[in-house]
Amino acid sequence: MTPLLSVEGVTKRFGGLQALTQVTFDLPEGQIMGLIGPNGAGKTTLFNCINGVYAPEVGRVRFIGEDVTASKTYAMAKRGLARTHQIVQPLEELTVRENVIAGACFGRENHSLSSAHDIAEEVMEFVRLDGRADQLAASLNIAQKKRLEMARALAARPYLLLLDEVLAGLNPSEIGAMVDIVKKIRDRGITIIMIEHVMKAVMNVSDRMIVLDYGQQIAEGTPEEIANNPQVIEAYLGDPELAKKLMGEE
Amino acid sequence: MKNWRNHLGLIVPLLVVVGLALWPALTDSVSNRENAFTILKAIALASSLNILLGYTGYVSFGHIVFFGFGGYVGLYFLNEQGWSIWTSLVIAGISSGVLAYLLGKAILRLRGAYFALATIGINEAVKAFVNNFDLFGGPIGMTLNFKVYKEYGGAAEALSMAFYIMAGLAIAAIIVSYLVRISKFGLGLLAIRENEDAAEVMGVVAPNAKTWAYVLSAIIPGMVGVLFFFKNGNVEPHGAFPLHASIELLVMVMLGGQGTVLGPILGAFAYQGMRGYLVTSDFFKDIQLSVSGAILLIIVLFIPAGAVGWLRHRFAPLRRILP
Amino acid sequence: MQELSLLLASLPDGVLLGFVYGVAAMGLTLIWGVMDVINLAHGPIISLGMFGTFFIFIKMGINPYLGLIPIAILGLLLGVVIYFVAVHRIINAPHLSSLLATFSVNMIIIGLATAALTTSPYNVDFNMGSFDLGFTTILGTRLIAAIIAILVTGGLYFFLYKTRPGKYVRAVTNNRAAAELMGVPSTRILALSFGLGTMLAAISGALIATFFPFSILSGGHYELKSFVIGVLGGLGNPVGALYGGLILGVLEGIIPAFMETSWVPVIEFGLFVVILLVRPNGLFGAKE
């Protein structure tokens, strides 16, 4: 079975800064993969290399078996890749509904306005923004904007969804709600890569995890393996006891 | 037509323009016709510019170049090659569209102020080029052979016909503006305006969308150009590519509300009306430019969304009829 | 061979004019560099500088070069006023707002000036003799203006790099938020910078008045040149503006040797668009 996504030896430099070095992994369909690492480790840069914002200096990216290295972002969207951003990017002067319709219209399935309308209804209900359908995106709070960004990505019915810190800035109950949404997305058959700093949440929801530090892949495995990996603990978690606490505190 | 409620956004602007077109005939006044002609011309130009400025968010300071270039090409064929006004209109629109396509491929990858500067540079470059182009009469331009009017029944008939054609162009501009606004293509443009990078991540093929927006925004101005020069009886470089007129278009779109269908129309009305008043008033005649400038400044500082934009923000139910 | 002699004859004049164009462009590029605003009132302010020389020399009989001092001060003050009235409120808004705001100031100035002065040409007949170089003659007015332009450039450099306010200006240019955190009074510095930009515009206008006849609309012509020079030299780069001015001056001197003078604008604006496309950071590097 060809993996949905194949990242092979991806290396990215910005002038003198080595942002990513030889990142390599395969992602089978239907998994949730957690991507963690300290700030500045290169996680968002990796997303950018996958979805076409940057072209890696070295390495290949394969999506559904095809080489998509250095494709344009809109080409990747048409192939079935959707993403959310660390700093939310809503279309401010459009309504929630228009934002989500846009997601459905220009994504993989290339819907007309009318069928996009129906998809938008369903997706807004799924993320519980249906009550705010006709509000301007600019008027939402940060948690709602994050759900909007998620809804816009889902409306495109992607094969692969890249989530960049969807939990950042949320309070504990909002986090719980968002994690539920992520699980339900996976249940629909969408493959997910999640960049996260909220350790407890991402470790509980991921099937597999990859850890980056200074652009290098320092560990790969199940959440349990990662939590017990000494390199990871040293680079990131800091306190060895913390890992045990987090895993035990399920 | 039980769907008509859904299309109020088109019907209201159309009624305004039709009213304006009928007004001179109803009042049997030639001076009213002249005023109405100027306003209809402004409506056609402003609505077209709105496709690029209001929907796509790309600020063109030199949009008048399409008016001038299309006008020149059209008048050349009309005057020197003996084409009829109808085919001249078509060639004017096509040539402006082609110019926009070629220019767009080059400059649409610039953003913000750089794009605005490039459009100014292009307007000046085309003006300077036409000034040297002997086929178009160089610095003297072209003067319409008076006998051309005879083909349309004489000067008076020709001018009257020109008026109704201009009304037709204004109506066409509004219809195009509306159709773009409610279409999937238009949604893509709005997404580009709000956040071009995010729009591309969503799958909007921005380079193509922007190019077509630019082309669409150029065609009618080209036709307006040839019609205007036909009516005026001549064209010369300085009057064909007036930079200040380009800026006035921007003011009209901003004043009424960029990105809405009705906005540019109201803006054109208000601006032309104000100019008309200022020019005839003894007191304001000399400083009319200053008054316009002061009004523009107040709008930019305090009501940047323009009249229609402000209404849309304030009264959500109005959004349906003021798209 | 005839072209060559024609070329040599017009080259020095072009270079000297280029210095003055450079000062004009410096005004525009400085404001852009410091606050990301393109001052579309640049043209009318140049015109006001021209009229300043007219009034000082013709009406008051004072030497135009001495007159530069009050013109410079008035130009500075005018810029500060324009900043607070039209620009400050929208300093962080999208570019369109500042473009339109400064353009409205342009309209206001032109309207008032047209009412007061009409659009007919004015002339400052000021003779400083000429120098015969054998292959060409150099007018004294040109030479002095170029020298003054160089002095002004030096003064600007000194201000930016050797004085405290100048350091603040550079800090705000680099990173306004960080500068504010370090205690730089950014609003006052922005107003000062805008004023410096308009001051340079006024000075350049005052000098140009000693060359050619002018009207209130003449400034627009030099405003367009300033755009071209600013982009050539790299927007935000004052020294680049000076080099850009020289390049443009030289081009204007050389081109008429090979083709009709009326082609000069075509080449100028064509070059403008090409640079925007190929090297938008200009030949000497724009502000990052």
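As written, the chain order gives the labels A, B and C, with residue 1 at the start of each chain.
Note that in this section a residue touches a chain if its C-beta (ideal position, glycine included) is under 8 Å from a C-beta of that chain, and two chains touch if they have at least 3 such contacts.
Keep in mind the model is a prediction, meaning the values are calculated, not measured.
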| item | value |
| --- | --- |
| Chain contact graph, described as a line, ring, star, complete graph or other shape | line |
| Taking each chain's C-alpha mean as its centre, the one farthest from subunit A | C |
| Centre distance in Å when subunit B and subunit C are each reduced to the mean of their C-alpha atoms | 32 |
| Inter-centroid spacing, subunit C versus subunit A (mean Cα positions, whole Å) | 50 |
| Separation of mean Cα positions, subunit B and subunit A [Å, integer] | 44 |
| Residue ranges of subunit C touching subunit B (in the complex, touch as defined) | 36, 38, 85-86, 89-90, 93-97, 99-101, 103-112, 114-115, 220, 224, 227-228, 231, 260, 262-266, 268-270, 272-273, 276-277, 280 |
| In the complex, subunit A residues that touch subunit B | 51, 53, 72-74, 77-78, 82-83, 85, 89-94, 98, 101-103, 105-108, 112-113, 116, 134, 152, 156 |
| In the complex with subunit C, residue positions of subunit B that touch it | 59, 61, 106-107, 110, 112-114, 116-118, 120-122, 124-125, 127-129, 131-132, 139, 243, 247, 250-251, 254, 286-294, 296-297, 300-301, 304 |
| Partner subunit A, residues of subunit B touching it in the complex | 182-184, 187-188, 190-191, 193-195, 197-206, 259, 316 |
